[in-house]
Amino acid sequence: MPSLQDLAFLGISAFTLASAAGVAFSRKVLYSAFSLLGTFAGAAGLFVLLSSDFIAVTQVLIYVGGILVLIVFAVMLTNKIGDVKLSNQSVNYKVAVPFAAAIAILLISILTSGMWVQKDEAYTSMIVPIGNALLQDYLLPFEIVSIVLLGALVGAMVIVRREVK
Amino acid sequence: MVSLNSYLVVTAILFALGLYNVMTRKNAVGLLMGVELILNAASINFVAFSHFNGNHVGGNVFSLFLIVLAAAEAAVALAIVVSLYKQFGTINADEADSLKG
Amino acid sequence: MGFAKIAFGLVHLVPLLPLLGAMINGFLTYSGRKVPKGFTAFVACGSLFLAFLISVGTFLYVSGLPEESRELTVTLFPWIDSGSFKADVAFLIDPLSITLMLVVTGVGSLIHLYSVGYMSHDESFSRYFTYLNLFCFAMLTLIMGANVPMMFIGWEGVGLCSYLLIGFWFTDKEKATAGMKAFVVNRIGDFAFIVGFLLLYWTLQSSGAATVTFTEMRDAAPMLAGKTWNGVPVVMLVTLLFFVGATGKSAQIPLYVWLPDAMAGPTPVSALIHAATMVTAGVYMIGRTSFLYSMAPETRMIVSTIGFATAIFSALIAFAQNDIKKVLAYSTVSQLGFMFGAMGTGAYHAGIFHLVTHAFFKACLFLGSGSVIHAMGGEQDIQKMGGLRKYMPVTYKTFLIATLAIAGIFPLAGFFSKDEILWQTFNHYPWLWVVGVVSAAGTAIYMFRMVTLTFFGECRADEHTKHHLHESPASMTIPLVVLAALSIAGGFLGVPDSLGHLIGWEHSNLLEHWLEPVFVMPREHAMASHSTEYGLMAFSLAVAIVGCYAGYVLFSKRKDIPAALVARFPAIHRAMQNKFYVDEIYQFLFVNNLLRLNNFLAKFDLKVVDGIVNLVGFLTKVSAYISGAFDRIFVDGLVNLVGNAARWGGSALRRVQSGQIQTYLYYAVGGVLLVMLYRLL
Amino acid sequence: MKQDLLYFLPELVLIGTILLLIVTDFVAGTRAKAVFPFFAFVGIAGMMGAVAATFYLAPTTFFTGMVSVDDIGRFFKIIFGVSGLLGILLSVKSAEVEKADQASYYTLLTALVLGMMLLGSANHLLMLYLALEMVSVLSYILTGSLRGVRRSSEAALKYVIYGGVASGIMAYGLSLLYGMTGTMAFPEIAAFLKANAVSRPALFVSVLLVFGGIGFKIASFPFHMWCPDVYEGAPTPFTAFLSVGPKAAGFAALIRFFLVGLTTPGQDVLAGTFLAVKPVGLVEMLTVLSIATMTIGNLAALVQNNLKRLLAYSSIAHAGYLLMGFAALSQEALTAVLFYLVVYVIMNVGAFLVVLVVSNQMGVEDMAGYKGLGRRGGRGTYLALVMTVFMFSLTGIPPMAGFIGKFYLFGAVLKAGLYGLAIAGVLNSVVSLYYYVRVVKVMFFDAPDDARDIAIPAVSQSWILAGLAGLTLYLGLFWNGLATVTERSTGLYASAYAPPVAVAAPAAPEAAAPAAAPENK
Amino acid sequence: MFPYLSFMTFFPLVGAVLIALLPKEKTDLVKKVALVATLPPLAAAVKIFMTFDRGSTAMQYVEGPYNWIQAFHIQYYMGIDGLSVSMVLLTALIATISVLASWGIDKQVKGYFSLLLLLVTGMFGVFAALDFFLFYVFWEVMLLPMYFLIGIWGGPRREYAAIKFFLYTLLGSVLMLLVMLAFYFYSDGQTFNLVELAKQGLHQGPFANPHFRILCWLGLFICFAVKVPVVPFHTWLPDAHVEAPTAISVILAAVLLKMGIYGILRINYPILPQETLYFANMLAALGMINIVYGALCAMAQKDFKKLIAYSSVSHMGFCLLGMASFTPEGLNGAVLQMFNHGTITAQLFLLVGVIYDRAHHREIAGFGGLAKSMPQYATWTSFAFFAALGLPGLSGFVSEVLCFMGGFKTFRLYTIVSVSGVVLTAAYMLWTYQRVFLGQVNEKYKGLPEISAREIVTLVPLAIITLLVGIYPKFALDLLNTSMTALSQFVDAKNLAGL
């Protein structure tokens, strides 16, 4: 008898994968972008199921609120809305399909037979441990990522800035 | 009882879909979406491993960083795409082939 | 004995004096300085004559020694010394080498003298004498060398000089070719000689007697008995190989082909090198290594057989030749055959005896022919001569004497030496005796054919030549006379004991007794009785006389008989005239195939060996193109398949080619997959 | 705490420099163009000085094992510093870089050096990933920094997409590794793998996927294809830098990941070998990748006509050679890799500098433009001569330093018993001769198409070239000093192996100490 | 003690640097400096010849071992024994001669002579180095100048020839590199010292496995075989020779080819004696093939220089045959043959150069009757030809006979076939001589100037040596005899111990 949790997992993962497939196979780039939203949301759902509420929130904030918006902007900026083609055609797919399938099958077979470090799972909020970790053990990465972000900001500006006369 | 393996199957498929995407898309933005799929797969993996390892904090932190870095990368990548488009009017990655050989 | 002793002390100068002469003249030639011909002639003749005097002194000195100590080695300095292999520059002075030294320096001096007249008009006068002196040096080294390598120096040296002298008038391509042919054919013999020497040396070495000197080898030779290589007795192999070497140098079947061509050189050269001395080196070598031949009866039989076969074969060819020098050349080959026949019987002294007498009369004949050619203005065809005895009395007389000598008319030199050979042959290989007698008869006939055509009858030369006919100058006739005298008297060196016995001259065979200590004789062989010997002697003399007469008659009074014979058997005549096509057969069988092989190999080298390497290089390049353009080709095809290329066609940007990031990724994923599969499956 | 900051001094210097550059940009703007390279140069030089000044500090790990500060890290910091300085020197006079925004170009370059330093000292999966991303993102930007130059933007696009995928793959691999061991610090991973059974295929796959990210940085098969396009498209001075700096950083990361994260010191410590903790086929994998990488690089280079592309493929091939050292998994191999990297930096930057000068002077990057360069006399001959030195050094012919590098590498490989790999390596060297020598051939054997005299390149560039060529020759003959340095770096690295977290085998420090001993006799 | 060997090795290098600094226009000065740079080594060579201890098997004029690269125990270690001394002397002589023979170079004179001197440095170094690494470095150092000398100053197909030469040699030397490293790692105390390696023998690690030893032997052998060159690795030689300028051909034939044999004798023989014995049969067979094949190919050549090149292939076969025998005779013969071939072939190439300079082609068929128009030239050529075909009394004979002597003891059949080379050599040499010098004078070449004094000067010392060694070989043999006998005994001892 599947528990509620199981059902939730099944539902969310099916949704995630379906929208991922939408991203991959959709013929229009805008559709892909919207499918991506589903994937991101699905992933956030999975995070919740995995008791990582903080990550789930971050996911929604950054991915949906940041990246996805960026992507949609990019799509808009680089295509005329009315462009029927709104090109998202595929190349290589005759070979890519078997490749991707092979990768999936190999990974699934290897991973499901793998030996992973497992302890009793527990559903506790991760916010506190994450907060502690970020300011103690992971202080350095936390600082560095700020430099990376700074660099990315500067760089993005450099790249899109208009030609200096 | 949802096992770790169920999550692994999901991420494996997600990963493969991401790879498929980057192999086939013509549109540079489309390609970037593939990258995001892959990163999401990795992210879910981290959290899942973390969860099934007694809520080990490392995986969570890693996935947090993954998300942030993905954002940074996406920003730069999209900047490049936009700039290329502004200069040359296309973002079809397969047309960017003046470098080859 | 003062003179003799001093002379012996200077014996190493015997070869070195001519070398010095060659160096002086050679330097003058090279520098192109004009020096009086007299000086050149003086240096050349003088050095050799001095060597002759020293040889005579040495002879006197050695003959004064007791018989058992007539074997002296003069060592100058060590030559090759490596491992067990030690060879000195040393000369062996024993009766055999002294005999040959006397012949070479003596006859050589005469021919040098003759050449002064003969070559007086040649622009390369000094070059000629350089070569000639150099030849004497090499020949003397050959006969005086105390060990095999020393002998080989001379052996090759005479080959070199023969090459140089045959091709003396090198602007004539045929003459140059003849020289090359001589050298290369000789080298084929040398090949066998070297192999034989190597085999001999290592067999001796393995028996504990690593030596190359003749005397030590002789002492160690008994150890060779019973030694085999691949089941064949080593002695037999070695002697056979040496004999092959000898066939090259001494123009025996199958390597005789070079000698007739060698007549391209100046006639005195033919006299000295291709009649008197060099060509007899093979005979000398067998004599020198008699200790081996005496242990190998099978080889001796082969030697005799080849010898007599050559004798009759070349006699047959000589019948049909019209070039005076060619006739003499084939006659030389034939006489050399006799010598080998003698060596094969184990009667080495007989071979050497014939060698000596042959040197006298054949040198005389060649010089005489030279005189004739000189007088005829270069004409060598006997069909165009005739009646010359009126014009050139001295030449005629000496020539006739020498011819009689070669024909074996008693009591001229040839009679004794040839008779000794036939007698020994009769005792050992009676059937070869038959061949020998037939050849002897043939010799008499064709020699008299030549004499008749040349000196008797009407002169067939054109008026212009006839007008110029004259006797040669004294520098040319004096050697002729001396040689003719020697042709008469030379025979008394070896009067058979059976004949000497009749007149109460014990040990009348001087040469045999003189040479006795040198040779190791084979096992005693039962000899037929004296009476048989007398009978045979008489028989061969009769044959010779008949032959001479026949030769005279057939080509003066009854010319119709040979003409009829020719008409009856044209094919045979033609074959004889063309020397039985041996040259052509060799050309066809060996030379052509060799050249074909060469060209094939050169092409093989160029195409295949190099080609393989180039192919590898090419494949590398191809794979480089494939990997460099892997995506281009592969993806191009794929994209064409999809049909996208056409849609975006027209713009350079839209050319769908490599440079596509998707393709790169696809490639990367493929690689990951590949590595995974490689590891996991 | 004060001491702790001292450990971090080089990084701090660079961070200060970056801030200074940003501020200067705000304050001075475009007016003070010349000041940016100067600041960056001084900053990087200061960083190297700081490394030297803190050399006496004992090796340790930092931030709860996130980064380690040890001799091998310092060694790499110096390499990065040198390549950074060379990158700046090359950029200063470059016509191409003039088109870029000066302030941000040098700021990002400095930041890139910082990222490389972090990558070189990362001792933790997260740090590894983070530093790698930092290097990547900054590289993308710098590649695309030439505004209005199509090939630059195009290269950047390819670079970013390829890099994104590679980092995604790597992240996925990292997650598997994390799931397998439950930890992210390298020494702990190794200790765990040594103590516990894991699924071998899963471990292999995870290592392979992680290698995807690092292999992308070092341009190894099968993640090499971006390399020629990006090298060709990027501004040449940056390409020169890219071909040595980030590549060296990739190797630094590889060293830590493989030798600290996946292996423990072997029993045969005296021989200096490492043991791959689990027989996951690490050696086979690296062997295959190494052979494939050098072969593809060399073969593809054979047909190149553009010098930059040729050098790009050549750098792929060199990554293959360097990977041989990892397959050998030994102390010698590590020394060899370090040695080779130094030599590689010198000769590769030298070659790129020649390309740069020629393209500035003659406006060509194609082989045809090099026709008869050595016959033009004067500067042309000079350029051709130094180029010849670099080409032969890259081929690996004595007495150039490149030979010594190969000598070291092949030695280590042979000692490890990988004869097949060694033979593949030398055969590749022979193949590589063909295209390197083709450059030399074109320069000396062919007649120039025109009588143009090559203009005198900037004096500073002449001197840099002379210095690099001189070093190439000098290190080919007298390499004892460098050898000692590299050996000491790895020797101390081995002794610093034991992490402060007390999970590793306690025997390691004692066991590793004698590893260096015989060398110091 | 004065470091003769280092002096000889590096003095030309100093000259090379000096030349590089001279002004471009002063070509005469450049040539003079180059000549002067080769004379002191020549003087040193004479001194070595006078004072070399002929009775000792030890290394002489030893310098070092000084530590060079401690990290790898690499030493600067120079020294010569009976094997190398003849080669060092030959190199000194050929160096001077090649500078003289290059007097006519008029293109990029500076570059030419500095490369030439650099090449000389490499050659000396190879023969004097006793440290394997040092040996390798010098070995490769020769490669670069050679490549340029052929590639820039060569004939029409010079680029092809140069790259071919380079690739072949490099392929060989990378194999040597691998074996060298294997030697190093599995020797006691890890050393590159060749003397020490020979003393030790190698039995550690993989060297305990005979297959590995055999592989190592083969690796070295291929490297050296390319240089010798052994058929089928020889195809670079005709091309390189034909395209190279005269002086470079001379160096190539006289010195570079010797390095192959020298390497086998210096490295394969003492360090891997058992494997050498194992392959002796193959060596001899290859020697035989070289002799016969080279001679046959030579006969078919139409290009004068190519013919000489193939004759080199043939002549180097004698060395292989002799050294494969492991007898003192054979080894002495092989080394002496190296020396003799060096002097004789140098003359041949110089002579070809003489005619090429005048007629600007080398087609054998295009000449004829030159003996009439250039009698002195013809004399020199005939001397060299007869020396090359092994005329007794000239040096070639002595070494050939010794090679045969040695070879016959061990390999009868191969030697017998090889002796046929004597016939073939005579055939192609004389045939060539005839086609070029004899017969009707070709009208075109009637007025060719006679061989010049400078050209004669290059020939005279070589000719004197040819004659001297032919008449009094002790003069050269004494130098090698002790060492070669010791080597053969050493291998024999291994033979008894191992089999």
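Going by the order they are written in, the chains are A, B, C, D and E; count residues from 1 in each one.
Assume contacts are C-beta pairs under 8 Å (C-beta built on N, C-alpha and C of every residue); 3 or more make two chains touch, one makes a residue touch a chain.
These numbers were taken from a predicted model, which means no experiment stands behind them.
Any chance you could name the chains that touch chain C and chain D both?
Chains touching both chain C and chain D: A, B, E.
With one step meaning two chains touch, work out the least steps from chain A to chain C.
Tracing touching chains, the least step count from chain A to chain C comes to 1.
Ranking chain pairs by how many C-beta pairs touch, which one is first?
Top of the contact-pair ranking: A-B.
Name the most central chain, where centre means the mean of Cα atoms.
Ranked by how close its C-alpha centre lies to the overall one, first comes E.
Round to the nearest whole Å and give the separation of the Cα centres of chain A and chain E.
Each chain's C-alpha centroid was found; their separation is 70 Å.
Averaged over CA atoms, how far is the centre of chain D from the centre of chain E? Could you give it in whole Å?
43
In whole angstrom, how far does the Cα centroid of chain C sit from the Cα centroid of chain E?
Using C-alpha averages as centres, the distance is 35 Å.
Could you grab the centroid distance between chain B and chain D? Build each centroid from C-alpha atoms only and quote it in angstrom.
Here the centre of chain D sits 26 Å away from the centre of chain B.
Which residues of chain D are in contact with two or more other chains?
Only 126, 130, 133, 137, 140-141, 144, 147-148, 156-158, 161, 165, 169, 176, 179, 182, 201, 205, 229, 303-304 qualify.
Listing for chain A: what residues touch at least two other chains?
Residues 89, 91-92, 95-96, 99-100, 103, 106-107, 110-111, 114, 116-117, 138, 141, 145, 148, 152, 155-157, 159.
For chain B, what residues touch not just one other chain but two or more?
As it turns out, chain B has residues touching two or more other chains at 4, 15, 18-19, 22-26, 31-32, 34, 43, 48-50, 53, 56, 58, 61, 65, 69, 72-73, 76, 80-81, 83, 88, 93-94, 96-101.
Could you list each pair of chains that touch, in label order?
The set of touching chain pairs is A-B, A-C, A-D, B-C, B-D, C-D, C-E, D-E.
Spell out the part of chain D that touches chain E in their complex, as residue ranges.
375, 392, 395, 397-399, 403, 406-407, 410-411, 414-415, 417, 419, 422-423, 426-427, 429-430, 433-434, 437, 441, 444-445, 478-480, 483-484, 487, 519
Quick check: in the complex, which residue numbers of chain C touch chain E?
Touch list, chain C to chain E: 30, 32, 77-85, 89, 149, 152-153, 155-157, 160, 163, 167, 170-173, 176-177, 180, 183-184, 187-188, 190-191, 194-195, 198-199, 201-202, 205, 229, 594-595, 597-599, 601-602, 605, 609-610, 612-613.
If we count contacts the way the header does, which residues on chain C are in touch with chain A in the complex?
Result: residues 635, 638-639, 641-642, 644, 660, 662-663, 666, 669-670, 672-673, 676-677, 680 of chain C touch chain A.
Can you check the complex and tell me which residues of chain D touch chain B?
125-126, 129-130, 133, 136-137, 140-141, 144, 147-148, 150-151, 153-158, 160-161, 163-165, 167-169, 171-172, 174-176, 178-179, 182-184, 228-230, 232-233, 303-304, 306, 309
If you look only at chain E, which of its residues touch chain C in the complex?
The touching residues are 231-232, 234-235, 238, 293, 296-297, 299-301, 327-329, 332-333, 369, 371-372, 375-376, 379, 386, 391-393, 397-398, 401-402, 404-406, 408-409, 412, 415-416, 419-420, 422-423, 426-427, 430-431, 433-434, 437-441, 471-474, 477, 481, 485, 488.
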